[in-house]
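Have a look at the structure below, then the notes.
Chain IDs A, B, C and D follow the sequence of writing; residue 1 opens each chain.
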């Protein structure tokens, strides 16, 4: 995307009588209150069944959204191949379970990081357009996966992966994995040199180059990190469905991008955090949960998420 | 305004793909046939307008994720409203497409937010609407004679659908080349703030481009639905990747300011020839994906900003290694 | 410097003023960019608009050209009140601008750019007609060498500026606005521009001319309006000002000493450059840069001077040659390696490659030293905070500014941030700078100059490019002149003079006798 | 006409063959038909009706002798099949038939495959039986369905509901369309469980294939809902007897699935093609035998089912 910096229009929504800078905060509080109210008047929202299933399904998307956050923050907008990477990783995981649980998990994570890492290397060293590279990888992953698996999913009878389905201290493991991922990601972004460099690259790549920051290396690393979190999601999903299948990741890319945006991360990069993404994931899940409890169909959920994404975008506007 | 070489590239690729297939075919007549040409043009009828829609938006320096959703929504509207008068259905769908495009663009220019975000919202909203409109079922279009008519061969290789696509390219291509608007569009994508200062009505250009793009998508979607005698909230055809591939092979750049309808037509033809060619040769399906991915990756490499520098470094490293080797 | 005939005195009573702007106010959020400002420009005059950075000059002219809308105030053209709601309506009212930020589209040809956005170009234009007018405009600027079908992305900076000015000419405007047009022009082009402006003045057109080069005000302009902090402080004929009084009214105080004193002793070379080449631009460049001194590389657009500095900073991938930093060989082509060797790059183009506008001052200051501040890749926020505070103090930024985004600082303060992140990285670093004071006002400049000198004293070597010869004269311990990619010579402080520099960087023996040479000969 | 299958060129049009069912089917057909001397070209498309139409048009031009089609969209396939008919190429359908109508019936020679109405009905009766043997006379039942836009899922769902009307007290309260995606099945089931928790919870659940049923089971376990016949437990039946289903039946998490064998479907299609080429009579609908798979008959079916 071009850098269409446009000094005059920074803030999106204007509310007469409210100072410019207070608008997002005001609207956000109103939204927050509305959500609290909606949750409060929704019967059954706080039932343990609802909370547990909401938190579990949220966690799976959430890990991919955390992965996407790295890509977005570093100025590489989106990757459309994280879902496909996830699917391919479930296959690798399942195919390597014979070697034992942890070696297989390790291999799967390495595989996932390698796939996204290659993407990052191409984007970083050659400065190729990240969106196009991700679309190319999407096709390549599907093609190669279908070739390698003879076009079939993998359904081993092994049950080792069941350890990832249980609970610890009453909390579902996916939720714990998601929470750990968010914290780890946030730590990587704000407490490591690489993370901070990534944000600087997202804010202004030329300035980062001029400052002597290793732009190609950092971008490669960013994608590797994205691969790690995608891989974690892949392990969780493969465990739940006891299969490796190219279908597992379908639709996750869009869900992840939606969460990144709803969390208030700047889609152009340079501003945002993993915590924000977690907020976005939570917001979307709550809205979906409320809709379902009120008996709306799944198709209404897509519409609702679309409207929220639009609202949040209007709220934040471009770089301020 | 666009250098000849940029326009020539897709057509060179086209020639290369053509020759490659002709050789692969080895005179078995699977590829070199009128039927393949017809098939290429049929695919072009769907992909061409989509690629043009996306390409124009990309020339303006934006991107549109919503084309798949808008396409299926338009198809549903056309089929639902066009039972009695097919033209009416198309008109309604095209109008809707224009409105959707314009609405998204207005959201962008009024607030300065990026098109990826807005059109992601647009995609979700369009598909949500399509589900609601159809009650989540595929709706049939009873007028089989219309379906037959839009796809019936004309002069062997064309059909009403592909003729429409060709006409769209001719009209927009000519308009782009001779009118001021083409230049204004390139300027809008090439340097937004500069164009604004120079007096180009940038916001209007964006709204207009998205509206036209929405119309093209809707037209493609409704004709496709008529031709298939069905409309479905699940897109009837994969739209985003083919359109992106076609536009990019056609010399459009994701960073805006580059490309032309003629180039996009070439890119769309490359894509259609590739897909139809592979089908006609009966190649395993995974090879389609690999071919498309490989092509896209190649273009990504060729257009990469740092390619020259990387090659230079590579050469230097090579020199050093070789130099050491001989010493 | 240039010989331009003055506008003949005419009676001011007859025609109404070309432009009368009154009571113009404009806020940007909390910033009051303009407060009740007025501006009157007569037909057939060149009117200078002066003021420090951020005083509101650009904002005022952007209001006149419809890019911004004023909060209050009225504008009249030729005595007729007008509403300027967009660049298009500005054109309809006969106003055209060359804005401070170039407004050319790199992917279009020169011809297309000249006519871009013009309401006079029909929807279906006839190329021949447009080309005729465009060529005429270029000829008038003495820029016939620029081909109409060339793509603007391939032009040099100065040529781009000329195209921009040509665009203004074809619009047949009665009020032309030039916002710092000479910042990137070569001397010869400036001369042509002045001639063209003088011709326009003779035709009765009016010009608003914004510049930080005060000499130009006295050379070219008939009257001067001075802004300070968004307020009007003076509007008088140019001859009623002299240099000191103009600077004083811009700053609101007399300017004591712009340039600090020079270094007394210089050390051994910190940087030895031999046979540096940049394909297509720089031919065989040799230089020794001493420590504790400021070395200026002087050359016009196209001389290759900025490329030398960029190559030193590792920003040009295909630069070749031998560069030694304190005796250690530096392999070119990687900004990281350059940074590791102690070469820190400061660009005058702050928004593009200087600072991270959206990030806080604190993060900007520590941007280049995260490697040094991290242990095994891990950072401590407290440590970062401490270091940032120390650096801010070092370059004279108030620590209350640390959390705010750099975009909210004035240009001068932004440049201090850019400095801050480079210094102290290692005790004896090398600052490689390109036009470090570009777009920085006189007041802030003095600060920057003093700071540069202090760095030198503490052991730094500074190598910088500079197109402002006055600045070279005031600042440099050594100057190296360049012309069309070739090094002309190295001059030390004792032998520096504007005439020498000018002669070198325009290299008259290679030029045919033209008026530039004539102009120089008269000095 | 030579009345032999030898040397005949058959084009097979399938959805994505990476789908386990479709992959097994096309493999079964290819193997059997090749053994009978036919040459088979498989065209696969990622659930893209437009592309499938295009593939059929291309194949018409290449003058194949027979088409075997898994229709991706029963409505959008009509124009291409009409063109195939005009070109005189016979069409066999697999996986799902067209809706019965005189116009549609004219478009194909034979449907070889399972009767989805029967599959839905068997699932319903198995679920009803499991519920009854668990002592539940009143039960709320959810259906986690494949793509409900048209096709198999619609037929199965209709038959499932119809069968349930024969069991008073058992009520199908909701159908969720998860488009055959197990991950989506998990998410939707979680949401359904929450939605019905306030009304006493769900008692039975039909996942249209075992992957979907397995996704649903994961959701229930994650939400702390018991699985199985015990009081308050969710009783699950699946379909298509896939590997996860067999595993779940073994561990008692699923009451039943329904026997289908895609390889067999492919083989039968090839046999029917042979019969057709040799001039024999071909039934309009060749329904393959099926039966419920429960713990009781797992021994005889498990082997065949783990495709």
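Keep in mind that, in the parts below, a contact is a pair of C-beta atoms (placed from the backbone, for glycine too) under 8 Å apart; a residue touches a chain by one contact, two chains touch by 3 or more.
No experiment lies behind these values; they were computed from the predicted model shown.
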item: Of all other chains, the one whose Cα centre sits farthest from subunit A; value: C
item: Gap in Å, rounded to a whole number, between the CA centres of subunit D and subunit B; value: 35
item: Distance between the centres, which are taken as Cα means, of subunit C and subunit A, whole angstrom; value: 43
item: Inter-chain centre distance, subunit A versus subunit B - centres from mean C-alpha coordinates, in Å; value: 27
item: Distance between the centres, which are taken as Cα means, of subunit D and subunit C, whole angstrom; value: 72
item: Set of subunit B residues in contact with two or more other chains; value: 136, 189-191, 193, 196, 233, 257, 284-285
item: Multi-chain contact sites of subunit A, meaning residues that touch two or more partners; value: 5, 146, 151
item: Subunit D: positions in contact with at least two other chains; value: 16-17, 44, 177
item: Which chain pairs touch, all of them; value: A-B, A-C, A-D, B-C, B-D
item: Complex interface listing, subunit B residues touching subunit C; value: 1, 3, 178-181, 183-184, 186-187, 189-191, 193-201, 257-258, 308-309, 312-313
item: Interface residues, subunit D side, partner subunit A - complex; value: 16-20, 23-24, 44, 176-178, 180-184, 186-195, 197-198, 211, 214-215, 218-219, 221-225, 242-244, 247, 306
item: Subunit A-touching residues of subunit C, taken from the complex the two chains share; value: 29, 67-68, 313-315, 335-336, 338-340, 344-345, 347, 351-359, 363, 367-368, 370-371, 374, 377-381, 405, 421
item: Contact footprint of subunit B on subunit C as seen in their complex; value: 65, 67, 86-88, 90-91, 97, 99, 101-109, 112-113, 116-119, 121-125, 151, 167, 317-318, 333
item: Subunit A - residues contacting subunit B, complex; value: 1-2, 4-7, 9-10, 12-13, 77-78, 122, 125-129, 131-133, 135-144, 146-147, 151, 216, 254, 257-258, 261, 267-268, 297, 299-307, 309-310, 313-314, 316-318
